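Following this line, the structures themselves.
Same chain, two partners: chain A is paired with chain B first, then with chain C.
And now, the complex of A and B:
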């Protein structure tokens, strides 16, 4: 993984930083042609149509793998996939073992 | 936004051309009408390791190193949970399908196919009775990762994507049904469910192909290049999302395999499984490419 993908995340535990980097790499792969410099952790992915609803089932699988917990689609809303920061906060369990949802 | 007058006229003309198909398929549905509560003799229990519940060659781990490490009882057990997953993904897919069919039933501009939509809706509900009957008696219904929220779209685009997604979903499912319906290694109940589904889906697929092609021809001339590119990208990703459901970590966990997400990822990337997905999709991708709906096969799915 290129080091610039995890720039700014060096103060995080390695596992969480790696999860963030994997999530970012997946978004870039799906975004098809998006300049990596144009993707921040606050870029609104659905709103800017970088991701679409049809991407979400695959994204949920990835987040479950990275976060270690089941995601119940009956209890979530599109806003929880707004951007990388929001997804990390909602679905990826921090390294201290606390619950992922804020 | 409603469809333009020109595309509405083209739709009316296209649907009138489906009249013979609608009549023929409706007649067949009436002839084969069945009661799902009387058709199957459900055993009180089944032994996951005592029978095959899916053809071994169609299992999601077939051709992988993981599969080679399993003994025959473990492979049969895997086939049981893969069958539960297959029936579960059908339940969730048919639930969305029934919602979409119900919304379109007796809509003014789709009146020409209303007669067959009744059968389509009825038969999908009955299929779910069989799928649900198996899952709830012998295991559970696996959760879906498909979300119900779709953005608001113009109606002609929404209609096209709904029926095109239905076609993709049913074509892939039918690949399994067709082969497993005649596989005598399978437990009789599993073979019956596949056989029955295949018989009825054959009609749905015939209808779906005619309708999807008609909708494409009448609607796409009004769409700009970006919209058409978006439709193609959407359908290609739908193949990816649909196929991922066949590699559900939940079923690997129930089958007793450690690290089920890693198993799913390894299976998804295995060359034998890539080829399997391509083969199972080929009738559908050839149709979509020949109709110019897709420009090329959705390589990310394979």
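And now, the complex of A and C:
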């Protein structure tokens, strides 16, 4: 077993799990009043207006920090920011060093 | 193309604006009448007419000046103090280079209309809507650009808009119907277009929340003629204007959507597609009548 796996979360490396937790905490902070139990990694954040346009520049910066690379806003396509799962898959590099899923 | 256009009624100005007369002016009026006919027949939209300027304070609530400072045009006025007006008159007033030699200016409070529909949201501020509200208006709009091209990209141009204020589903249904109606109209006047997702020309897109939202959740589609000329656009605003102007529907901020037509661009497309003989031009009013009738039947 790789050393960076967290006990009990054997399917995701620690760095990725930490990034996911940071992203989730940030969403809850911006969502203002949203019950944490009501936020899953598949909750549609833009469609349900949990995140609004005013939050987006900060979200880009956060994902760049978590993902370790610059996001070219001209390359953003619809759907990449649908929910936490989608953002993790598209922008956060897995701890094994492989590329984020395109 | 400019020479061909001038033969049918275009006079082009170095300022990036056009004057129309003869066949082109007649076609411009008939096109606008066709758009207004769709608005009336399909949605019974209330027609409104508004001034050439909007209060800067109203636009500020939309973050317009933050997003589009490069496009805004501000009307200037001299301070009305007699001494100031005398000082202006005693100067050259206009230099040899054509530049105004202004003295003290009055406090600038207004912006020349950048989009016809902004007046509608401002005009219905604070209303509680009991059902969807359909509106239509036409205005001369001003957008400063780096370069201008006759009828295709102008400092001032004519925009007709049809707007729906309502719930999210009412706004979405309006846009779907409007899309159908415009497609029927386009077919009737023989203009081939491709509908494409689009974004507005924000000043600094990376730092602009509204641009990012447009990329992440497309809200704007344009009817593009000839590969690069958007002649109509369908826009979903969510609660942006309802929020900014406290327009309520169904217990929350009203959603809105608009269909916008750039009349000069339609002129270009018609002449480009059908030639410079006005006898070969389609009748937009007849096409709009047919489009509205088809919409009523469906």
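Here are a few things to note about the model shown:
Basically, the second predicted complex is superposed on the first by the 90 of 102 C-alpha atoms of A that agree within 3 Å, B and C clash if a C-alpha of one lies under 4 Å from a C-alpha of the other, contacts with A are read in each partner's own complex, and residues count from 1 in each chain.
Going forward, a contact is a pair of C-beta atoms (placed from the backbone, for glycine too) under 8 Å apart; a residue touches a chain by one contact, two chains touch by 3 or more.
What you are looking at is a predicted structure, and each value in this text was computed from that prediction instead of being measured.
After superposition onto chain A, the partners chain B and chain C occupy overlapping space and clash. Judged by the touch definition given at the top, the superposed model places A:85 against neither chain B nor chain C. In the superposition on chain A, A:73 contacts both chain B and chain C. Contacts of A:64 after superposition: chain B is touched, whereas chain C is not reached.
In the superposition on chain A, contact is made by A:55 with both chain B and chain C.
Steric collision with chain B, judged by C-alpha atoms after aligning on chain A, is confined to one stretch of chain C among 2-10, 110-118 or 146-154, namely 110-118. Counting contacts by the rule stated earlier, residues 52-57, 60, 73, 76-78 of chain A appear in both its interface with chain B and its interface with chain C. Chain C meets chain A in the complex at residues 197, 205-213, 215-218, 238-239.
Those residues of chain A whose C-beta lies close enough to touch chain C in the complex are 46-47, 49, 52-57, 60, 73-74, 76-78, 80-81. Touching chain B in their complex are the following residues of chain A: 30, 32, 52-58, 60-61, 64-65, 70-73, 76-78. Across the interface of their complex, chain A is touched by residues 143-151, 233-234, 237-238, 240-241, 244-245, 249, 261, 264-265 of chain B.
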